[in-house]
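As structure tokens, here come the structures.
Both complexes shown next keep subunit A, but they swap its partner, so subunit B is in the first and subunit C is in the second.
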Partner chain A sequence: MKITVDEEKCCGAGQCVLIAPEVFDQRDDDGIVVLLEAEPAAEHQDVVRESASVCPAAAIHLDEKA
Partner chain B sequence: MTTHPVPTDTTAIPDFPAPRSASCPFAPSPQMRALADGGPVSRVRSWGGSTPWVVTGHAEQKALLADPRLSVDFANPGFPSPVDPQYSHPHARPDLSFVGMDDVEHARLRRMISGTFTIKRVEAMRPGIQRMTDTFIDEMLDGPKPVDLVQALALPLPSLVISELLGVPYADHEFFQTNSKTLVSAVATGEQRQTAHAALSQYLDGLIGEKIAEPGDDLLSKLGRHVEAGELTRREAATMGVLLLLGGHETTANMISLGTLLLLQHPEQLAAIRDAEDQHVVVDSVEELLRYLSIVHLGRRRTAVEDIEIAGKTISAGEGVILLGELANRDPLVFEDPDRLDITRNARQHQAFGGGTHHCIGQPLARLELQVLYPTLFRRIPTLRAAVPLEETRFKYDAVIYGLHELPVTW
Partner chain C sequence: MNTPQHVLVVGASAAGLSTAEALRRKGFDGRLTLVGAESELPYDRPPLSKQVLSGAWDTTRAQLRPKEALDALAAEFVLGDPAVELDADGRRVRTASGLRVTADAIVIATGLKARELPDQAGMSGVHVIRTVGDAVRLRSALLKTERVVVVGDGVLGAETASTARSMGLEVCLVGPQPAPMTEQLGPLVADHLADLHRRHGVCLHSGVLLEGLVSRDGAVTGVRLSDGEDLPADVVVAAVGGLPATDWLADSGLRLDDGIVCDEHCRAAEGVWAVGDVARWHHQGLGRLLRLENRTNASEQALAVAADILGENRPYLPVPYFWTDQFDVKLQAYGLPSADSQAQIVEGDPGESRFVVRHNGPRGPMGVLGWKMPRQARLHRASIVDQYTRPPEPATP
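Up next is the complex of A and B:
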């Protein structure tokens, strides 16, 4: 799995940080998403999928085949 | 369903807004529910014969809220006004900073302050919010009963939290609470709303002046620094302050009072929150209450700036679009048995905070306040009960933000 995030779209809601703190963080100055692991370990992939589906800005894209 | 003579053809469209049923004050309007059952995107008839689109489906709302082809600018001619023009001067809607602006300008302003609301910074406020909650409950327990929970707890807690965050003296709470209530009332006249907005802007402008002279580590001081740096005008800073002060207390206060009343109707779920040892129980409960109550009702308001194809319909450029969160949050395709309150379900997909670029900036803070408040209230006052029957409770049918005018309680 390969993750990309769209910093322009991200509204800094931090839902991803709550659900998958191992994979996502937020920039200190404006709360915009920081991707910690672009290729998450197998045990984190479920929470990454939930983050992508809950993200209110549709800013998290997953390539499942990568 | 409509007050017009009922035409027999299928082009009959329902009136909007449509009232909730008084016998079911926690449920969305039955007419809008019927509309939602007919499809996710439909037309309604609104003020002055306008026929904006109403979006009731969850997937469709999620897509549209994140779609830059919808504008929030209320100066667009097709903008579906949330208040009857008889209560408002055309285009005299008070300036509420970036909530009424489109990107790039919206993002420029919003990102000046969004760092304050990161999960980590908000989480650091938990002990302070717990202390404030306990203090207000102490005062409640020391005072006479019955007492109005809205005045004793629901309004004071979020007002104090946002006052401290912004650097607004809490002693002025009556002034800003009263004017904020007028701003979100759907029955105040346009003039009353303008007066309330002017009073609040002037007040915040004065405070920002003080912060520029003597900065602290609060949000208004931060805005003051942006003014000094020439990145923000004094007026922009003041209206941003009004937006945060208003958004920071009216909404959360209504969630507290309405959520408490709803849980009092569901004693077994209230007990589960009260007795929860696992914080996840509380977290999930708050999400379910946000979903179920969807207090920012009557819709996100937008105008299409390009043609949009959605769910087999074409929303033409220039047409108004109303996204009804209270229906999206009860979409059976996403939430099983949606009219049932179930604090154990996973409700995280709800859109009670909107979505897309205008997704509520204060949501981590609102969630934290609710996560502290409900269990603390029910633990400290386990015999809490409403002091008047449900039929006599005054619901805010007449406000952009749904809730309770007052909630007399005793124990």
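Up next is the complex of A and C:
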């Protein structure tokens, strides 16, 4: 799995960090998403999918085939 | 209940689409149908009053998912065909075009309709913002005018005023509260918001009601306020809230009272769930019915409903959360404010325009608000989680 994030779409809601803190963080100044693991380990992939679905700005894209 | 063979989701916006996605992610491989009133592919509403209105994004950028992702859901989308009738016992929905769909599980995600001003029908120059079409029409009107009055001082009104002012228009924001969004933010933060708007040149008329619209030859020319003042305008935006879209459910047998009344699992009846802005469910942590009109709830409640349909049987106990972007400020609001809570600065400095406020109620901290501190606000959220997720102790007999 490969994650890409759209920083311009990101609204800094931080929902992804609440769900998958191992994979996502937020910038200190404006809350925009910081991708910690672009290719998450297998045990984190379920919560990453949940983060992508819950993201209120639809700013997380997953390539499941990568 | 056994896992259903066919799930019908009525409403194809954030809540409905998220429910469908969550069902598939959790392994549901039965038939999935989404019926939506609007003909566009599912799109997101928060950008309508910001990026779409300002023109920073074209409307396709507000789409929730690319076409390929929707195709990958293996769901049948019936768009531009609103549901007009539900038979809850028979789990059957009829649409405006006459289509009848029967399913084992029905999820209602029909959202809100924009409330209109009493005398706006048939008057040109008066706009609401609920759909992408509304936002595009308002944008083209704003490009041809210089003066706009925004009626309504909730989040939509305040965001619209911010966007219109940033487009260079003369903007008045009118509302009944002492400062915009006082109800959602509490007085301390709402006063900061009022200052922000004033500093950027928005003319605020707070604590006043709308007496009526003023028009000439069917076109709006301004508004009259309860304090006797007249504000001239070429465009008036009615941001006076929404009404749950439940008129089509009048004969359904569902309990309707400011939304669809649901139990703690968001169940409205056997085999019928409600999700998103339209759902008023029993929040067990708060011990009362709650209906949330925000984007984050649409997704979170969708997860809960999908899980319940598949038999996970857990109550839905969210910490309410919304954000808003106005001018250069990002505001995050966790929890619910209450009239009897005290505001305490827990991080940053209001004088430097970056701070986090906690609202402490009689039972403990109930809300956290971040002003240009999204990350820190999220970290402080932990201090209020218990108030929402711990069911109240049963009364001892």
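FYI, the second predicted complex is superposed on the first by the 66 of 66 C-alpha atoms of A that agree within 3 Å, B and C clash if a C-alpha of one lies under 4 Å from a C-alpha of the other, contacts with A are read in each partner's own complex, and residues count from 1 in each chain.
Operating definition for what follows: a contact is a pair of C-beta atoms (placed from the backbone, for glycine too) under 8 Å apart; a residue touches a chain by one contact, two chains touch by 3 or more.
Worth saying up front: this structure is predicted, and the values here are computed from it rather than measured.
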Quick check on the subunit A-based superposition: subunit B and subunit C, clash or fit? clash
Tell me the contact category for A:13 with respect to subunit B and subunit C: first, second, both or neither. both
Contact-wise, after the overlay, does A:37 reach subunit B, subunit C, both or neither (first, second, both, neither)? neither
With both complexes overlaid on chain A, does A:49 touch subunit B (first), subunit C (second), both or neither? second
Is A:57 touching the first partner subunit B, the second partner subunit C, both, or neither of them? both
Touching both subunit B and subunit C, residues of subunit A: 9, 11-15, 17-18, 26-28, 30-31, 50, 53-54, 56-58
Within the complex, which stretch of subunit C touches subunit A? 14, 18, 21-22, 25, 44, 46, 61, 63-65, 295-296, 298-300, 303, 321, 323, 325, 330, 332, 372-378, 381
In the complex of these two chains, what residues of subunit B are touching subunit A? 62-63, 65-66, 107, 110-112, 114-115, 117-120, 348-349, 351, 353-359, 361, 363-364
Could you please specify the touching residues of subunit A with respect to subunit B in the complex? 8-9, 11-15, 17-19, 26-32, 50, 53-54, 56-58
In the complex, go through subunit A and note every residue touching subunit C. 9, 11-15, 17-18, 25-28, 30-31, 49-50, 53-58
